[in-house]
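Naming follows writing order (A, B, C and D), and every chain is counted from residue 1.
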Amino acid sequence: MINIKSAYLNTRNQFLTLCSNLETEDYSVQPTEFVSPPKWHLAHTTWFFEQFVLKEFSSEYTVYNDDFAYLFNSYYNNAGERVLRPNRGLMTRPTVKEVYAYRNYVDSKMVVFLDSNPSKKALEIIELGINHEQQHQELFYYDIKYIFGNQPTFPTLKNSIALNDITQKQEFITIKEGVYQIGHNTAGFSFDNELGVHKTYLHQFKISNNLTTNAEYIAFIEAGGYSNFNLWHAEGWDFITKNNITAPLYWHKVKDTWHYYTLNGFKPVEPNKPVTHISMYEAYAYAEWKQMRLPTEFEWEVASEYLNYGQLWEWTNSAYLPYPSFSKAPGALGEYNGKFMINQHVLRGASIATPENHSRKTYRNFFQADMRWLFSGIRLAQ
Amino acid sequence: MINIKSAYLNTRNQFLTLCSNLETEDYSVQPTEFVSPPKWHLAHTTWFFEQFVLKEFSSEYTVYNDDFAYLFNSYYNNAGERVLRPNRGLMTRPTVKEVYAYRNYVDSKMVVFLDSNPSKKALEIIELGINHEQQHQELFYYDIKYIFGNQPTFPTLKNSIALNDITQKQEFITIKEGVYQIGHNTAGFSFDNELGVHKTYLHQFKISNNLTTNAEYIAFIEAGGYSNFNLWHAEGWDFITKNNITAPLYWHKVKDTWHYYTLNGFKPVEPNKPVTHISMYEAYAYAEWKQMRLPTEFEWEVASEYLNYGQLWEWTNSAYLPYPSFSKAPGALGEYNGKFMINQHVLRGASIATPENHSRKTYRNFFQADMRWLFSGIRLAQ
Amino acid sequence: MINIKSAYLNTRNQFLTLCSNLETEDYSVQPTEFVSPPKWHLAHTTWFFEQFVLKEFSSEYTVYNDDFAYLFNSYYNNAGERVLRPNRGLMTRPTVKEVYAYRNYVDSKMVVFLDSNPSKKALEIIELGINHEQQHQELFYYDIKYIFGNQPTFPTLKNSIALNDITQKQEFITIKEGVYQIGHNTAGFSFDNELGVHKTYLHQFKISNNLTTNAEYIAFIEAGGYSNFNLWHAEGWDFITKNNITAPLYWHKVKDTWHYYTLNGFKPVEPNKPVTHISMYEAYAYAEWKQMRLPTEFEWEVASEYLNYGQLWEWTNSAYLPYPSFSKAPGALGEYNGKFMINQHVLRGASIATPENHSRKTYRNFFQADMRWLFSGIRLAQ
Amino acid sequence: MINIKSAYLNTRNQFLTLCSNLETEDYSVQPTEFVSPPKWHLAHTTWFFEQFVLKEFSSEYTVYNDDFAYLFNSYYNNAGERVLRPNRGLMTRPTVKEVYAYRNYVDSKMVVFLDSNPSKKALEIIELGINHEQQHQELFYYDIKYIFGNQPTFPTLKNSIALNDITQKQEFITIKEGVYQIGHNTAGFSFDNELGVHKTYLHQFKISNNLTTNAEYIAFIEAGGYSNFNLWHAEGWDFITKNNITAPLYWHKVKDTWHYYTLNGFKPVEPNKPVTHISMYEAYAYAEWKQMRLPTEFEWEVASEYLNYGQLWEWTNSAYLPYPSFSKAPGALGEYNGKFMINQHVLRGASIATPENHSRKTYRNFFQADMRWLFSGIRLAQ
């Protein structure tokens, strides 16, 4: 029990550390539909433990505030009416202070509950809740960057995460043809979408040890990559044309030099760092331009031990689809993954925004092809 | 000089009183395009004095922060690039605290300037700035009501303004046919759109002494007013159909009884108070249903001395158009009124949200026909 | 009876002349919401006589096809369910041939009816129906120009209407201050919106005898008129910015020379013809640039005898509002005008597309400020 | 040579047969963005032979009309500027008659060319052009059904295609686990997306011999399938909610009985025919409700010999992605398939609208998940 209690407390405290430099005003805004206000993340992750653990398993538990289930439920249709997503940023109340009080209340009850010898089922859901909160901690980074990066004054998040230079020489690793095993099969935690170990047949392929750098991507831009429709999916071409996209998100050309906003400030683009904030469409077009391709998620998983990864989530050319023996959990928790298995793409790896111990080689992250605010990157295959 | 200095300070301090019950979070959100965050009002009205008074007339003045002109300029195209209107709610920085510091800084400089025997021209602009700030104080009420009234928790603004019951018996005053004089012709302040006294010919008409009450409006609703297209402008019918409008803004039916959100809380609709938060379309349809009409702004001005007014701005059936000798001031201040003289309607009177001494019988307020968040009301004519 | 019968037949036959050069395909398309397919105009004007004359007054009349009331009713909410406006162009059936058969059927019945000594009430409605059809004949010109002018191949309407050069020297006529009479007061036909002669007070003004020419308008364009926001209504500025408007509709710059599409073909802009296909916003901005203004509809009516008019409808700076004693007819015919009296502007005069004898000095045409496909022009006042 | 010439002529003539009951008006409209006017199909398929065969390989060929390349190019970015897709329905010119003349002209030149001993390369492109035209003949059925099925008068296409009753008993065929071969590997024609025979690993599965019937689908509707979000993808739920979808396209409830529009008329839904005009979202939700799933495209291909198929294209739970050795042809023909390989789903089989000899077991059809106007159906797996 020690372990899960300390995992719980570490994760919960970690969110406070992430927010330690925020002003009250920063917690409440929602600049676009796919971004959630930090306050909402703090409350929603708390609600998860209240709803699925304390209300289910702790007979003495008194709900903190009946309205909160309605206010901070994200997408769990089975758990009651929800605040529509685009309206999250309109809620000035409860205040940040009240949300922290809610966190404290739930944490204190959770500590008591964790000390009371919870059932295996309860412990499993707590573990899921910890992983759920870690996912929201990563989303917090995407969201605060979007909130700050779209303001005229470019605020910074002090002492924030930063990418490292890619220093190793690029090589292409060859993986032999054959039947491989895919999916999570060890003792530790995984999400339902990784479960069901199964076989897949891979033909021989090569895969880069490194991610694509900013310097390499600038070469693509300067070669006219954004104006050559032959490199793009038809849908990607429409996307960049309609939205006037000519560079990664947060990039601005200042006096002929590319600059970008990072959480540590606005600065010239650093050539040796991996390129990020590109959509699936851009990753694909870049690979086309290099006359290569993106790996599939199965190729990635099989080759993972040879790859330098962990700085950025890597777009694969795999749609997010169920594994052969995938099945949804009953009730609201079954909404976690299955219902998103359409028109999204799998990203593999992890990013500098990913909490420690949160990722693994079988982890299947997923987003729509036009999303650019996540910490995404490019790895080539052929 | 005493007078204008105390007018300045009274108006500036009044805004702090209005905001005294706000939480920090309440200052920053913009729930819809036509609503501005309270923080923005506080900064924008300050910027007006900085931009048009201190920078113009005070040689020693040092601008507080060069970015603020860009951030808090509303629509003055001549005064530099502006933050696009829908993005006002995305600015978490400068913080509320910084905005108050900005106000204090400008106020202290203005006090020095006001004590330094300013030119007549400067005094005129200060007077305009005071009236400008009063307009934003009224908009603040509309905006905070929209911000609170669209949250699931319905926060209140403590000790807030409230409408009074209409107690006088309804009568229709008859005004005789003839040539009348229209426009501002006294010594006091007026906006440019009221200037240019001129003659107009009115045919005989009758006008109600009172505004329409909630009880009277509920009769219209219950008679099927919102589903009888014969009562509506074609455009109004499209508006209510497309937006599923079946009652004034902030009204909700709870167990067969109409309730509404007010700044003092959510409660059953009070029958004897004047109906408010209706669009021009609804005011027109109501009048059609009564087989009467709305007055023109000229009829209203001529009859004003006989009317009970001041609780709500009254939709007139007059488009907002220039008076015969209207002319715009040169430069940015010329943008104040003239450029809005199309597709808007004149409202006459004043509301409980109007600052003291801000309105007068020649005052021409104006909004688009579909606006409902203002404190609008209905007066019948025939 | 001779007169109205021949008026009826002349008007009905006139529509066939207008369409004599059309291909079957040209009758059925609806390139944008505010344009109707020619087939629809032909059927709708026929339906008017069937619905309001034959069905009402002719006891022997058998409806041609029960579906047609539904298919070809335009906006008469009181006359049954209607095909939604944007869907008019989706109806490939009934075919053009069937629509002409419908016209023939109704015309033959109308001739019998007209010979049967109809009641005064019936004759009034027939007169309204003739004027209604004339309005649609004018709209037909706007619509076919839009249909052809937006095709890559620029088809022409053979032997079509064309504007004349303005040859008279420009002068400004002065009209003295005073009380004037406005509205229709002669024996002939008028629409309900012109009725109710009433007095209005006009201050002294000057008005141009001529319309603005293409050459004059090109000077405005070349002086940067479309990029100087000081000249525009705020709403007009948004309109031209959002839609990238930098010249009148149908104008294209080919090798540094302005060309335009006319019903007689694509050609260089003719300098001495009056400028047309401009929105109210553009008319206003042009007048601002000339440091003048547009006349009101009352000024126009009073000055009309001194004006060269009839080539283009002239935007006035008057909103379309009811005259003091305006009242709607009961039932569906009451929908003719009153329900449009909001957010539209009055145009006075007539155009080359207006059928003979259809206009008069009291005629109040009206459109939304952003409409450009009509035959609109500019006359200055000061 | 005999074979390809007769294949060419048969295919070309077949399109005339399909259109033999159309009125001129039916050829020109575009009721929604994804539907093309029949005239456009007729011209575009002709342009294909002109552009890629005659202009490339026939030195004497004179282009019929230089504008047509611009007007009738669909998506071949490499072959010049194109008419934007939503504008196809605005082109009333060239007329239907001219388009048929264009077809005759190109056909006569093609016959001469086919008799002139064309190169192998040319013959390959002609074969591609024939298959391309067959695809448009199938799209013609989808489009004319949409054009007719959305008109108030429900026109019919005389002697049109019709679905057959499903008479065989439903069974689930078991396919054993193992490595299977996928892709086109016989001598005949295939598209580039089927090429590259490769291995895939399948786990054991069961698949229905039959498609789902209307009766079975009505059971799903009546069990509340369209209002139970647990059955739907999140994106599918948004889709049906936003568009008020409660039944397949073309279905209407008339006095408690489901009816549908078919090309042979409006009639009660026939219980034993396979359900069609459902989106991928609906196919998925139906399978969820049955506690089964849709097959993958690989499962389908391996099991195909045991399936009753050919009436409707079958949604698979496979995203449309490249096969391991997929490569695009150079130039405009390379745009045929590859650039659509994102956010679309594979359908396998064939439909009653598919031209004879056009499909095969390796054929990969593909559409977006929200498309309903195609002849789509459901086959269950588990």
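Keep in mind that, in the parts below, contacts are C-beta pairs under 8 Å (C-beta built on N, C-alpha and C of every residue); 3 or more make two chains touch, one makes a residue touch a chain.
Which chain is which protein? Per UniProt: A, B, C, D = Ergothioneine biosynthesis protein EgtB.
It should be emphasised that the depicted structure is a prediction, and the values quoted were computed from it without experimental measurement.
With chains reduced to the mean position of their C-alpha atoms, the one farthest from subunit B is D.
Between the Cα centres of subunit B and subunit D there is a gap of 57 Å.
Per-chain CA centroids place subunit B at a distance of 36 Å from subunit C. The mean-CA centres of subunit C and subunit D are about 45 angstrom from one another, to the nearest whole unit. Taken residue by residue, subunit D touches two or more other chains at no position, since every residue touches fewer. A complete list of chain pairs in contact reads A-B, A-D, B-C, C-D.
Within the complex, the subunit B residues that touch subunit A are 23-29, 31, 39, 67, 70-71, 83, 87, 89-96, 147, 150-153, 155.
Against subunit C, in their complex, subunit B makes its touches with residues 75, 77-78, 179, 198-201, 203, 205, 229-230, 232-237, 280-281, 284, 293, 317-319, 321-322, 324-325, 334-335, 339-343, 369.
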